[in-house]
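See the structures that follow.
Two complexes are shown next, each including chain A; its partner changes from chain B in the first to chain C in the second.
Moving on to the complex of A and B:
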């Protein structure tokens, strides 16, 4: 975001931990202590590729008390817009990156009586740091971790060693599936449930929790939508008095930034609401992909989240 | 500010508190213009000019030692001025770290902090404290971590947990309140806590402020100024003690207002806390008597106009109803009607 201070880090270790996931260790170049953080936090990693800058959020999975290095894991996306591709193919030990300070949009509830954690695939990452926090306390917890097959279960050995019976694995190829009804119908009062994984898994947990009468305040989810690609369109920034072209695989926010206009942001995933921008005029349709604006707001069409949303329009004028 | 401490000042009984000429010049006047209304006046807490109250993250000034002694007096009588709910322990350590790091970095002549992993060694020279302890192990400190460190720093401290899309007031050290009570407010949400403030709710000030604070970023603290007036430089105007300070208001008249009435300004800072994901809110109080204030001619004109034209609901909420007219009358001779320059700085 504007005026945001970044930390320059060096990649000090890269490990291929599943066929699609690489595990990176990032140490500050100046070796000064990094900020401590809370489990569930992410950092936005700034990747300066040859022709464009990628800024992707990745959950921190290292122990929050470890201020010497941060660790992240990146899954190579089949339809990468360039970020995960860059992380997988361009980085070597010794490469430099910039990261922003950690932000937590998926924290553990501090007055919960019990935590039920549900991970799908790469969605395990925020829970790894949260488990470090949970080890210190007396609050019961359990982790349910679903992956396509055993070889895709990142950090499985570490979890088995440290968590023992508190972690349960589910492998799709062995026809094992989480019994969401069974899991969510029998929890004691004061339990909080957390889910991070594919959209379908999150939707099922939310629907199941609602059906069993869970209060919304006890159901937590994290879904970083990668900005979807779409057709190219043009936008006019009223205050800057410039026109900007948004390419098919570029987000509106990225295009605005590439034009030299700074927009405040935190999550770049359509969750936090920080980059909310006023729409002054639109001739066409806004394609809202965020989880922040209400349906009514989306219909009203006066605001857009440029980090994930696009437009299918003849013209679009933003208050920037 | 390289201040010489005035350890014998008092904020009760004989009220010997005074500002030096240097302290008057750096007073954080909260009025950038000749009128005043609420706004979401939050700004990044970036270093201000050399010598100003915002030069450093936390301001230690000539009243430091005396204010710490005043806090100890209050706590001895009323231990519940410090409270922390059980789930706030990691936030307590976050606050201890923030305060120790800031003081040792910015006032190395007075404070030092040596760290070897979790083994910390803290030295506070003005208060004569030398303590080795284990960070994260509360049994190695004589008081809970937040109490231990806030006994050694000026200003009140409130710690909020963030959950359910709200901020919950769940720990704090409040011995210098402008008529509000931690004991009454602990456990409240952000809007419940601010419930008594007039007008601002209708202006959606708290909706906007809450939304802003929920997204407060680590490493990017913010600040604002707030103000009221207090008769005598009495730091502890707790509502529970109203019988002891409320009647002072009836003693103010146009002849003694210059010495009795003090502008009371709060420099409020807000930091995101790293381990707990909570937010700490510091309320650092500055006093200036009307007589000290008029030594800056621009401020005399400015404050005369602000107080004279203040919205009636704010006059009432700030507790000024009884003596506002006396203050205006006392200040009037210092306002010749000439314009003031924009901004709050002295001319």
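Moving on to the complex of A and C:
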């Protein structure tokens, strides 16, 4: 991460836990205690592949009390832009990686009276660390975990053993679906709902919560999506005085980084607002894909979130 | 001598309905009836279905026209109107209602500042956040003052300096406010020059 130090880690265990998900254990090369984190945190893993550098965020799923190692789980994406492919095919036990310090953009509310956790597929990962915090506490909670089929339910055994009746599984291939209306219509005052999973699931939870009158401050979501691809375009960085070409499957942020210019970031998913960059000139259309700028700001076209947004333009000048 | 501009002092805005809520709970004390009726009128325009899921708890106060205000609430179409003898009884009823309430509730409070503060204190225990609560101050600005020395709370304080009901020290009433305690901070005013009490004035009418 720009402006922040990274930690050099060694892969000390790799386990294939579902047909598409691998579970990695990462220990610091110097064996010093890792930075502390809270449940819901992610790290950005820096992968130095042959022709490009990937920086993908992955939720920490290990117990926050364990500072000797971090654990992450990576699903191999069908249309990988290279990151998950790299994690699945290029790493062996003993490989070295760089990771940025953990950042939590999906924390549990500390004074909630109840927590309802909703996971879809690989979206289970942030909850695994949060459950470590919740397990011995006095606050009631429940986990609803939807996957395509039983064999895709990562960490199912661990969840069944530890959480018992507090976890409920839903298998798409058995026509089991989460009843979002039922789940969100009767929760006691002071409940917080958290969802991590595919975009469709997040959208449904947000819409259902709104329909039942949930205020935004009680609804939390996290989405890790690859930056959308698009047509290649060119950008000029005014302060660095260089032109950069953004390839179709590369994000604007990645292209700027590849040109040697650092942009501060945290989530790389269009949520946190950290990489917001001033647009000085644009001849064409900005393609905003973030969830951070307001609709009015997007129309105004004076800012862009380079982690996910692109442009369809003749020229674009950024204040970098 | 009064320290002003302290950020913890609550600022309340005129009440507006939030049609995004599913259930609406309106609390009023004394002159708070009028703003609550305004909220109900807005709900009738923007979310008429929600009137059936709305409830009013009202404490008219001494000498007020209790029948008149409860009739006005009923005429506004609220499902459930309860008139309580005083704000203490109202807040007790409020607390049991919250314990049985579901997510989707919006809370509206109108009345004297200390009434709002006590209602907010209870709401906070149920983890209601600022996007679920709206309050409008009307009536007395008398403060609840918590003595930082003996931790006793003196009620109905209208002056800049007050004698603590617990330890009898003379306290300067500050703008520092605790939402958890629903009280302003009172600090001994003559600690450095014993017996020298500045002029006492009514500042919270």
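Assume the second predicted complex is superposed on the first by the 319 of 320 C-alpha atoms of A that agree within 3 Å, B and C clash if a C-alpha of one lies under 4 Å from a C-alpha of the other, contacts with A are read in each partner's own complex, and residues count from 1 in each chain.
In the analysis below, contacts are C-beta pairs under 8 Å (C-beta built on N, C-alpha and C of every residue); 3 or more make two chains touch, one makes a residue touch a chain.
Since the model is a prediction, treat every value here as computed from it, not as a measurement.
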Practice problem: May I ask you to decide whether A:217 touches chain B, chain C, both, or neither, giving the answer as first, second, both or neither? | Solution: both
Practice problem: Look at A:185 in the shared chain and tell me whether it touches chain B only, chain C only, both, or neither; answer first, second, both or neither. | Solution: second
Practice problem: State whether A:171 touches chain B only (first), chain C only (second), both chains, or neither. | Solution: neither
Quiz item: Can A:37 be said to touch chain B (first), chain C (second), both, or neither?
Solution: first
Practice problem: For A:5, decide between first (touching chain B), second (touching chain C), both and neither. | Solution: first
Exercise. Have a look at where A:111 lands relative to chain B and chain C in the superposition and call it first, second, both or neither.
Key: both
Quiz item: Of chain B and chain C, which one touches more of chain A's residues?
Solution: B
Quiz item: After superposition on the shared chain, which partner residues are touched by A:236: those of chain B (first), chain C (second), both, or neither?
Solution: neither
Quiz item: What part of chain A is shared between its chain B contacts and its chain C contacts?
Solution: 109, 111, 217
Self-check item: chain A partner contacts - residues on chain C that touch it in the complex
Solution: 20-23, 98, 101-106, 126-132
Quiz prompt | Complex contact set, residues of chain B against chain A | solution = 44, 87-88, 94, 97, 161-164, 211, 215, 217-220, 274-277
Quiz item: Can you list the chain A residues touching chain C in their complex?
Solution: 109, 111-113, 184-191, 210, 212-218
Exercise. Write out the stretch or stretches of chain A touching chain B in their complex.
Key: 1, 3-5, 35-38, 40-41, 64-65, 101-104, 107, 109-111, 217, 266, 272-274
